[in-house]
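Given below, in the form of structure tokens, are the structures.
Across the two complexes that follow, subunit A remains constant while its partner is subunit B and subsequently subunit C.
After this line comes the complex of A and B, so read on.
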């Protein structure tokens, strides 16, 4: 069993790789009780979350993760993960800064799903 | 994770329509029924901090869990508090059951009574269709803005009741309207069959407790002076007669429950503050504020406070309230040991409360001085976004106290909010883009003071190195805080635009009392903002930084709130444009515009001029409604058209009132 820090790091790498390749493939990471708050817009449930992400007004995106930090967050193996980094959208070369907080919960298969996901741009598009 | 937990998440109290009912509910003379209070508690309590995330466990007598000689102010008193609250709010119990007995296919049946004598009773159907139309419309709106689409799926008459079936997600919005006035009569709205389930015994017991507490509040409230006299609670005959509390520690247990009942007696904080401007806690034998600290959350804008004839030995025992009560005008501390122990205390107290006019009935500031000082604090808290779920001001109070404490006394802050299982860590993002105006030049080694403990898991891979940068417990947290440069954060009230704060109900937070294995409800709070570093010797503002901070908070600790997780990200100053609504629209605006058919509109936020809070707007609408008898919708439309100038609104009304349709007036539909 990996330690929570390694899990957090692996999760973050997998999440953004998938997001940047084809964000529709993020669906298995969410569940019906999952909650995403994307730039103040809340959505709940896998389908709502994935449609929210797929409707974002860009085709090409690249996440550049700058920091990852994580802590165990509850008695049932949950992990809270905080990421900060930059986004490059379409052909724009000026990065946008963002932070994202994930609350990961263990699922029955010895893996994790995203229970809560709060995304914020913290620096505007130029 | 029970399904109901998620229901609680989506049922933010801010989603619920809040009728500006101040005009009907001022003072203690609220024309409520028992069910009103009960249901308020049931709904509001759903997201309450400290509530068990698992099946209800509150059926036991709270007294049986409370050992007598327990240390005051510690976790056990938190246990007692929660036990009492659970009991006081046990309307909650049945709501938390994953499958309500009366839920069919996602529909929940509600019973509406008290509607028969309405002005619409002359209608062919006795007013039923009109009633249902009103229920749908009213539950769909908040401050006149349509925020949801509530539909009554089925309805039938059963004796004097109308039974309606609504989707479970709208139950909260409807039950919040219990006791509202419709067409000249107050209607009662409650769950059908709620009392037939297994928790009937608990409920009736809880009902008794609540009724008793409400009785205590009513008896001790003076509507003329607006003072709530909570002095000498230990000698209260009714409380003693009720015999539900251990007499040796009455205040400790009963006080939070009283505050809870007080909160649930009003729809909004504004109503509460209009009704109660003064509180006396005299003669309660208090040695510190641990038992009564919830007062500052329930009534943060209190003007008059009497703490005389207690057992406060020094100002340190009042420290918890130092930054609270931003509008305090009169404070009485006489007849406490601190008078002898710290005779110079008045000067310090006057500093604590910039709006204070009288201390121990001696004038300490003139009206002008106090008003001058008061001006900035009247401004709003920046977090009134659709994504700020709060309960009783807990999350808001935490954010306010936390950042003030982080700037002034981090050691005290760590002792206040962190316990042996609290985690803190931080990471420095050295690559973050800078402020576009480049007011903060890059310097070499500018992160030196931070980098030694920066726990960026991307860079720190050795388990021991990670461990060393993970601070657990008040001592380690305080030590880590002490290594960080001194800070000054912008004022939350006056510089709201420099902050972005969101809060979400967070289920499954560890319960320090161990009563609930699957945890209790707390909050996840995300804060984005900036601070100035202060020079350690001169105190001069130095470099400006931006930060992001995520907290998970839960119940426990001496203050009733403990930090479970605290993760801080530090980065170069990047400005606040990304969360300033005037400068940056973000992706949502684009995305919304790009979509042609939008099935899930974003939560509607009323368009208000700068400086006008939702609460202020609600008060204006309520007042205009009261003076004109127009409906909320018309009153709000009217104010919108005149740019929220109340006087102009009245004039506009006078000009057009002859032409307004019947539906523009309350009960005139």
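After this line comes the complex of A and C, so read on.
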């Protein structure tokens, strides 16, 4: 089995590639018990989460990952993944900083699903 | 028992107050299984973590918390806490943005310890 850092890196690459191409395709990564807190708005479950992501008011988006940190989150294979990076939306040329924290849990198919997902824009400190 | 959001808020207030006053006093919040990844440098265990924090090259520090997000991280009382904010070190007047993710686990005394801790400075997107 791959180590948690490799899994985190693979997950992050897949997640943002899918998000930037067609975020409806993120549905298989979530489950009914999954939680998303997006800019302080909480939602739970695949359907609510994918609706929330799909309804974000932009068509074109590009995530540029700057850092990925990972740690085992329990003794049963969970992984905490913390990402920081930049977001470019629509034709805007000025990126915004963001941070996103995931907890991945192993599923029964030898892969992972997203149990926790917290997204925040990070504004420049005043 | 307090809900996870209240616990997260109380923890964050206590953590940074203690950090900014005397970061050696953070030791009781960690355990031997605790993990810290500080700006990509990993360490594990109370002693290694508190040494790392104590050796950071500044005397005066002030954390200014901007956002706190929390979610249950498992079915046994764990809590993921994601903080974003600003750091002021020494006499520097220009704050730096940071993000810090914790996973708190319940201990046997009706309180919590830090199982995961990931700290990153967030630089303004280019």
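One rule holds in what follows: the second predicted complex is superposed on the first by the 123 of 126 C-alpha atoms of A that agree within 3 Å, B and C clash if a C-alpha of one lies under 4 Å from a C-alpha of the other, contacts with A are read in each partner's own complex, and residues count from 1 in each chain.
Methods note: a residue touches a chain if its C-beta (ideal position, glycine included) is under 8 Å from a C-beta of that chain, and two chains touch if they have at least 3 such contacts.
In this text the structure is predicted, and so the values were computed from the model without any measurement.
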{"item": "First (subunit B), second (subunit C), both or neither touched by A:40", "value": "both"}
{"item": "Touched partner set for A:48, first subunit B, second subunit C, both or neither", "value": "first"}
{"item": "Touching partner for A:56 - first (subunit B), second (subunit C), both, neither", "value": "first"}
{"item": "Touched partner set for A:9, first subunit B, second subunit C, both or neither", "value": "first"}
{"item": "Contact breadth on subunit A, by residue count: subunit C or subunit B", "value": "B"}
{"item": "Partner chain(s) touched by A:67 [first = subunit B, second = subunit C, both, neither]", "value": "both"}
{"item": "On subunit A, the residue positions that both subunit B and subunit C contact, one per complex", "value": "35, 37, 40, 42, 64, 66-67, 69, 71-74, 78, 80, 82, 84, 86, 94-97, 99, 101, 103, 115-116, 118, 120, 122-126"}
{"item": "Contacting residues of subunit A [partner subunit B, same complex]", "value": "3, 5, 8-9, 32-33, 35, 37-44, 48, 55-57, 64-76, 78, 80, 82, 84-86, 94-97, 99, 101, 103, 105, 115-116, 118, 120-126"}
{"item": "Subunit B residues touching subunit A - in the complex, by the definition given at the top", "value": "1, 3, 5-6, 9-10, 385-387, 423, 425-433, 436, 455-458, 463, 466, 470, 500, 502, 504, 506, 508-510, 517-519, 524, 526, 528, 546, 548, 550, 552, 564-565, 567, 569, 571, 574-575, 577-579, 583-584, 586-588, 590-591, 594-595, 600, 602-603"}
{"item": "Complex contact set, residues of subunit C against subunit A", "value": "35, 37, 40, 42, 64, 66-67, 69, 71-74, 78, 80, 82, 84, 86-87, 94-97, 99, 101, 103, 115-116, 118, 120, 122-126"}
